[in-house]
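Pasting in a structure now, in structure tokens, and then I'll have a few things to ask.
Here the chain labels run A, B, C and D in written order, and each chain numbers its own residues starting at 1.
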Amino acid sequence: MEHLKQEVLEANLDLVNKNLVISTWGNVSGYDAETKLIVIKASGVNYNKMTIHDMVVVDLSGTIIEGDKLPSTDTPTHIELYKAFSEKGVCGIVHTHSQFATSWAQMGRAIPCYGTTHGDYFYGEIPCSREMSAEEINSEYEKNTGKVILEAMSHTDCIHMSATLVRHHGPFVWGKTPTEAVLHSQVLEYIAKMAILSELGFPSIHPIPQVLEDKHYNRKFGPGAYYGQK
Amino acid sequence: MEHLKQEVLEANLDLVNKNLVISTWGNVSGYDAETKLIVIKASGVNYNKMTIHDMVVVDLSGTIIEGDKLPSTDTPTHIELYKAFSEKGVCGIVHTHSQFATSWAQMGRAIPCYGTTHGDYFYGEIPCSREMSAEEINSEYEKNTGKVILEAMSHTDCIHMSATLVRHHGPFVWGKTPTEAVLHSQVLEYIAKMAILSELGFPSIHPIPQVLEDKHYNRKFGPGAYYGQK
Amino acid sequence: MEHLKQEVLEANLDLVNKNLVISTWGNVSGYDAETKLIVIKASGVNYNKMTIHDMVVVDLSGTIIEGDKLPSTDTPTHIELYKAFSEKGVCGIVHTHSQFATSWAQMGRAIPCYGTTHGDYFYGEIPCSREMSAEEINSEYEKNTGKVILEAMSHTDCIHMSATLVRHHGPFVWGKTPTEAVLHSQVLEYIAKMAILSELGFPSIHPIPQVLEDKHYNRKFGPGAYYGQK
Amino acid sequence: MEHLKQEVLEANLDLVNKNLVISTWGNVSGYDAETKLIVIKASGVNYNKMTIHDMVVVDLSGTIIEGDKLPSTDTPTHIELYKAFSEKGVCGIVHTHSQFATSWAQMGRAIPCYGTTHGDYFYGEIPCSREMSAEEINSEYEKNTGKVILEAMSHTDCIHMSATLVRHHGPFVWGKTPTEAVLHSQVLEYIAKMAILSELGFPSIHPIPQVLEDKHYNRKFGPGAYYGQK
């Protein structure tokens, strides 16, 4: 658990280095599959002053297990995602308001796969969740945010697609570790910028051919993957 | 007063760190509610060389109380705002020409609330002041700049909406402290960028639903706020 | 002359700090009104390794007076401008390919005065030079570049308007000193970015009212200027 | 060979400094004309931890000659290019997913020569390779990527045009040395940004006149070149 707290702290701080957050925004959590406990950033803490003492441990009911601060207000969203995705191996979740990914969330648009940079990490378009109802917003908003993410992901494998844009809000991104979830957040921001530039420069653009998407994703993550070292 | 001078100095220097000003541009002031005195940056001073001696103390009539330099030419604008807003708790004002917020001012457009990042800090659209008349420009221009900001804010609470774009010019932003006013300036620039990107990527975009705006603003600043630590 | 060489060196290096040049691009020169000599960067020198020995002294005929390197290929352009402008007090010239100003040059468009940030430094629109003929390009190209700049400036005071975009190429900018010319280059890049953003966000934008332009320019540089310290 | 390995290492690290890559993306190789051996970055290595031991030596058949890691998956693409271009003096190749150049690749568009910054380095428009067939993608994809680059370059001299955009993917760029190839990658990204800005600001833009393109390219690289030192 101490190891996970340290990784979650470093992953949070890395959001600043990668220009994905400012002020107190965003949060990273990590999940320990054995104890079923979550380490998450405390709510409203400034990254400039963040220490290991700003890491809060909660269980899947949201009860604080360790730490003297309140966890991120987005904790119920993280919990919903871990409940659904941890069996598949998701043990890290990141939420940011990074500028280009958030702009797509504001547009209410899924990000089409316009290139192999996208296809190298995300299989298919990055989904955007539906409009939430007044009831979903007014009661258990953060839990319901998790539920609309799961709805947007209902036909999609969470290992092949590790991000969803929450409509009007911003991205939630995950990975096998908190560190990987930060990398996926950085890649999402990168491709979100290129996708809008590509549309501005060529309005009749189409997503890349399926065969190319399959090739790129599979050479990194498929059964015969040959990218990287053995 | 020495404490306030130090805070105003640091807030001015923070504008550079946050990429909100270059050269001698922009200014931060702070207001001491007890003595009704304002600390403000001296006019035309370069941020590279700024010290505590570039902080000038003036009263609400604009008379220099302390300091051997001339205060910012925008001092009469700050004075108008403190006269109107200090009772509500506004004790810090920032003016910048930050690039995206200033671009909206140049367009002469209010910034619609296109996402929760906006709604987390600013309740409703960021107003843009009306065209000033030749008379208002040629006589007491800086005081009249304050007056058109107040006119743009006439139906709006200055605590819930802490910024106005001065048409053709740039943003004036405020907060409970100089430090908070700098944060609001940084957030304004951030959302101004995302708003233009969102319109370019989805020209038929609409502001977010009122219920979502209420939810986000109130969970941070409403009576039952639950963001951050107690 | 040693003092001027030092200032020109520092002004050249400052182009890198201000993100206005990469590699060996761009150049700053300074003019000594007494001796009628020009200090200019040597041609093709990388900013990473630049020293005082890369500053070349030439006279107004282009003859090398001091230094063992070849001066910038743009030297004849600088010479044309000093011949025309030095009487008015211009003693510094900068050429860059800064990205937003150069994009306007590529468009072949003058930059309209869309805001007071522009009006604070440049009185009226930033001119763009006309298409050069094949003859002008094939013979004495760099001298003719100077001539088309002067043509674009023929009805304009070089103190009130300190920049011209060379069509298809990039900005030439000047000031009373090399240091001021660098500042003007930085401001030009800043307003060039805001001008394109303003047009993208509000295609029917118009330049600011003349009375506002006069007010802003004159409060800094007019007879009754009151910006800055006495 | 040790000297080349060191240069290739430094060229790879320079991609990070120049903001052309993140994470493990991209790669630089160098070619030794005497031994006909290639030094290339190992596959999937993070730039933060890269050392000389991540440089792999392969021959033109792709066989590993030195090094205990697998070479970049893009090695077959590099090999195709060296086979075709090394006789002309190409001894360095760079592949990145730099954001603006990759956006043009995603658009599937060649980059027109809209200014002299482009013309100073690249003679004519930067080509974009054709769509690859399913067969070309599914079998020997990386080798076929090299082949479609060569096809796009079939009527073009590889010294005068040192880059091709691989459709849907990103730029491959070359030079006489790995260091020069990195410079060309940086310039490509710079002009790719200005080209999209220029189109957005002036949709009816045309490429620069041929006479101007000839002038700029030739004053740097033609028989009577006079840019730089002798």
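Here is the rule we go by: a contact is a pair of C-beta atoms (placed from the backbone, for glycine too) under 8 Å apart; a residue touches a chain by one contact, two chains touch by 3 or more.
Here's who's who by UniProt: A, B, C, D = L-ribulose-5-phosphate 4-epimerase.
What you are looking at is a predicted structure, and each value in this text was computed from that prediction instead of being measured.
Traced through touching neighbours, the fewest hops from subunit B to subunit D number 2.
At the interface between subunit A and subunit B, under half of the residue numbers appear on both sides, which makes the contact a different-residue one. The geometric centre of subunit A is 46 Å away from that of subunit C, both derived from CA atoms. A straight line joining the Cα centres of subunit C and subunit D is 33 Å long.
In subunit C, the residues touching two or more other chains are 200. Chain contacts in this assembly form a single closed ring in which each chain touches exactly two others. Chain pairs that touch one another, listed by label: A-B, A-D, B-C, C-D. Of all the residues in subunit A, the ones that touch subunit D in their complex are 114-117, 183, 186-187, 190, 193-195, 197-198, 200-202, 205, 208-209, 211-212, 215, 219, 226-230. Put simply, subunit D touches subunit A in their complex at residues 22-25, 42-45, 69-70, 73, 97, 99-100, 102-109, 131-132, 134, 137-138, 141, 168-170, 196, 199-200.
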